[in-house]
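Here come two complexes built around chain A, the first alongside chain B, the second alongside chain C.
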Partner chain A sequence: MSLPPEPRTAPDSGVIHNIGYRGYQGPRLGRSYATRSLFVQSLRGAYGLGRSGKSKVLPMLILGGLGAIALMIVTATLIAKQQKLLMDYTAFLSTFGLLITIFLAAQAPVLMSRDLRHNTVPLYFSRPITRGDYVRAKFAAMTAAMLILMVTPLLVLYIGAVLGKLPFGTNTEHFLYALVAAVLYAVLFAAIALLIAAATPRRGFGVAAIMGVLVVSNILATIAFGINGGFEGRDSANWVALLSPQMLVESVVNRTFGLGGDGAVIHAPSTFAAVVFGVEIVTIAVLCYVSLLRRYRKI
Partner chain B sequence: MNPTVARLTVRGLLGRRRGILLLVVPAVLLVISLLARGSGQDKHDLAASILGQLSLGTLVPILGLVVGTGVIATEIDDGSIVYLLSKPLPRWQIITTKLAVAIATTWAFAALPTLLAGLIVYGPGDGLAVGYAVGALVSGAVYSALFLLLGVATRHAVVAGLAYALVWESLVGNYVDGARTLSVQQWGLSVARSVASDGMINSDVALGTAVPLLIGVAVAATVAASVKLAGLTLVSEE
Partner chain C sequence: MSTVIKTDGLTKRFPRVTALDQLTVEVQPGVVGLVGSNGAGKSTLIKILLGLSPATSGTGQVLGLDIATEGPAIRERVGYMPEHDCLPPDVSATEFVVHMARMAGLPAAAARERTADTLRHVGLYEERYRPMGGYSTGMKQRVKLAQALVHDPQLVLLDEPTNGLDPVGRDDMLALIRRVHSDFGISVLVTTHLLGELERTCDHLVVIDGGRLLRSSSTASFTEATQLLAVEVTDHPDDQSLDADRAVRERLAAAGLTVRPDGSRILLVEMAGEDTYDTIRDTVAGLGLGLIRLEQRRHRVAEIFTAAAPGAQADPATPADPADPAPGADPQTVDPQTADPQAGGAPDVVAS
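Moving on, here comes the complex of A and B:
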């Protein structure tokens, strides 16, 4: 770069030196680095790290609460000298699904809505990252946050079970089943919640909308289950899982790994149903992701 | 009541596409009750699960939450409340006006559809539909007052409200009997039970306990919200 000519300075009076405008010449970290940073920031933001103390309360409370419940289950199992955990790994996820949903509903708008509300999204796009990168980073961050939330208590259960000399093989197997379930939950829920959050710049509205969609769909499916005679043990009633994201994952996992086939637990009624449910999970996740991309096309 | 404040609140709550979004609640309720009517199951069980569990247990709290916080928390959130507060208008009047709008909206979007759903599922007999509708009326009003207070008191009103409505009333209430005494939903059911014929609706709280609690909570929440709004400090988002 050619510097502008040094201006002539008066020899004996105070002067201002014009050294010209100098652009940054050093290495640039580039697009992938920016995307990674956005991912890390969003993931930390989901747990309130790097934000005020108040915003740490809820995520930490839920994470700690789930961990404490898992610890209690392990302790109770060991004290009662059972050979099996009182609550299976996958059952743990579905039983405390409400807490996971609350975490999701509270934190998805933290990731999406605030940027929209305060018009900071255009500032991101003035950096090298593209719209796709932004959506990818946020999606990955939400999924990772959900995974951390679900895997931590599962690990507590697993480590407790192994240390307590429960059968190692069965526990490892069921732990892995639950990991698969956790991944499915995380991806599907994150996709749905982020789409809703991105559509509602008002944080409060977004929280209620996400909660409404997930909880109401669950209750609707339960009622439809009852209407179709599911509680009397009719197998075809399990098709109602099509209505609710949580039941979709639950029933696919239960069918695929042969868990809870006694009719009391929701499961895909046949292999065909399991495939249909699986396809629906993928379709919903992909559709939400594509809609999210479309949402950010014009910002 | 102040007509101008009421008009602005209604516009903020139902204007644009937001009113259509709220319509989802009654639509869900009516569609599921139409489907249930054709299923040929026991009508009384259906009414208990659709009207009791879905409507009173979930839709009324969620709607009360959206509406109760929507009438004031959004304005506090974006700071436009200062223009209202700077008018020569008693603060308690702002609260009562907004509360009236919230209650009317909850009634229109939750209690009325509950009545219709009850008529569809069960028919007019035994006072069942009317009972649940009255239950939805009173619990909707109390939820509105409670969540309005939350909206004034905390920036995390929706999360706190959800924690109460879902975790306390559903999760804790299912395992701990005592928790049910302190649940707006059970108070509403108690009123519903007294309206309907004997043995049609179950509730864990006696009417003599429920009515004073309902009135007490609603009045206390309104007064507390007025006091809180009188000394409101605006804080920026964390």
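Moving on, here comes the complex of A and C:
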């Protein structure tokens, strides 16, 4: 602490002095730090952290729910003394794709629409970060949030399987396949959902539109799959995966890693199809990302 | 630090309109008012100064940094308070300003400390922990100002900071803006279309209209005492037939002063020196009248918009004026062609 005041200022010692304005001489960490901060804030926001208690309910419920389901699968497998998980890792992701989609639809507008709706975006752009940094941070945050959502139950399955003395090699292999699938889901879904969210400043519309696009496309593709005899095992019916983002990822992963031997599980009908599907995944993700950048160029 | 903002022939054209037209202006440290009607190009100018929108032609510097190439560096040193509402309602002021501080590059601990300091300086206390959705307009404006100041910028750009405030709130905000410069040492560029506010707040005014510079000079020279005294006297207590005004006028004229009536019972006397006060006092007393009013008359900033008097605008260069134009370019001289047709109506957009 500083020395006591000089004697001549002593008489009015009872006064609380206003310390006045203090400048800031410390470090300014610049663009990349700001972008990272935005990433962290957005990722936390996707799970309702740093926001009201109410906004934590849905994301935490879905995360907890998926974890609980995974735990139940492991427990059931071990009780039934099976040598194989009752539900494989990749199958887990596609089976509970609806829950993942709900999380995405609910949280993508949280990341994008709120800033647009409340006109906060100009405040970001009056700071060192650029439009590109902003989109990059938001995209990374949404992808990371999706990954956390999907990898957590996968880890529960994997750790449970390993502790339960299930074959280590196969489980590790399939767990890694599922991780690849999770990354593909996360990137593709995040790109689609963020673009829709950025186009709909009203959060409710954003939620509905994302659900609409992802769920309806899935339903349409399933109907087309059935009409074309997919359930009877006709291979060419698998081309309907072109219609649905979720099936795209699913069929590419199943084909590439030779999963889903029975005909009812969707898979790319040929190597050529797998390549086509893969190209479509990349194209959609890139197109959405570029459109997102363009969306923010005008603000 | 000498010049805060400097533009040279800055032009911004959109496909349909020219938002800024050959704007050459220089702004020194202090509180500077940017005046113009809606659509005069104020917001466009701010965007260009922040390096967010490239100019069609011309150059500019903010804090000595080039606006075309050093945008990020400028935005690190400049604060911006937008005109519109920009606060998410479900976040508290503290959280919001901390986040904005980090967006400006402040480390987490410094961001929290600066946020507490800044919110206290703008006058937000306990309410800063509540969600901002429940704030009054005045409180929201304070948060907006706080987020512009939190990273201790060298310059803040305030876009219509008094919008939507009641008279008391407006006075508070204007006092706060004065303090930003006088106590915090931060230069201020404040835009408004309300001239009365700027007279009290700003050291220097830049007037633009239709994207062109109308005038840039110190507030004092806009409102300088016009060497006129307004005089008002009572009627004679006994002699009702005496026309008091006329008698005073004649006496003063006889004393060698120029006098003209100004509306209801007010006489405007031109100052001839310090003893003019004495002459008026003695004259009124000599006639046995009461002196109601004896005051200096000032120009109002509004006159540059209402009276199309190029003559009145041609004399701004006072010695106290801090913004003497760069040699060669003379932004202070008003082009009569610009001033004349627009002084009355101030059209929003310049054709061409």
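Quick note on the criterion: the second predicted complex is superposed on the first by the 273 of 299 C-alpha atoms of A that agree within 3 Å, B and C clash if a C-alpha of one lies under 4 Å from a C-alpha of the other, contacts with A are read in each partner's own complex, and residues count from 1 in each chain.
Going forward, a residue touches a chain if its C-beta (ideal position, glycine included) is under 8 Å from a C-beta of that chain, and two chains touch if they have at least 3 such contacts.
All values derive from a computational prediction rather than experimental measurement.
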Check whether A:G258 is in contact with chain B, with chain C, with both or with neither, and answer first, second, both or neither. neither
Touching A:Y24, do we find chain B (first), chain C (second), both, or neither? second
Looking at A:L123 after the superposition, I want to know if it touches chain B, chain C, both of them or none. Which is it: first, second, both, neither? second
After superposition on the shared chain, which partner residues are touched by A:G169: those of chain B (first), chain C (second), both, or neither? neither
Check the residue A:G204 against both partner chains and state whether it touches chain B (first), chain C (second), both, or neither. first
For A:R114 in the superposed arrangement: first (chain B), second (chain C), both or neither? both
So, A:R51: does it touch chain B (first), chain C (second), both, or neither? both
Overlapping contact positions on chain A, where the chain C interface meets the chain B interface: 51-52, 55, 114
Residue ranges of chain A in contact with chain C within the complex: 20-24, 26-31, 33-34, 37-38, 41, 50-52, 55, 114-115, 118-120, 122-130
So in the complex, which bits of chain A are touching chain B? 51-52, 54-55, 58, 98-99, 102, 105-106, 114, 202-205, 207-209, 211-212, 215-216, 219-220, 222-224, 226-229
Quick check: in the complex, which residue numbers of chain C touch chain A? 50, 52, 72-73, 75-76, 78-80, 82, 84-91, 95, 99-100, 102-107, 110, 114, 117, 121, 131, 147, 151-152, 183-185
Show me the residue ranges of chain B that touch chain A in the complex, using the header's touch definition. 21, 24, 28, 32, 35-36, 39, 41, 45-46, 49-50, 53-54, 57-59, 62, 65-66, 69-70, 73-74, 77, 156-159, 162-163, 166-167, 170-171, 237-238
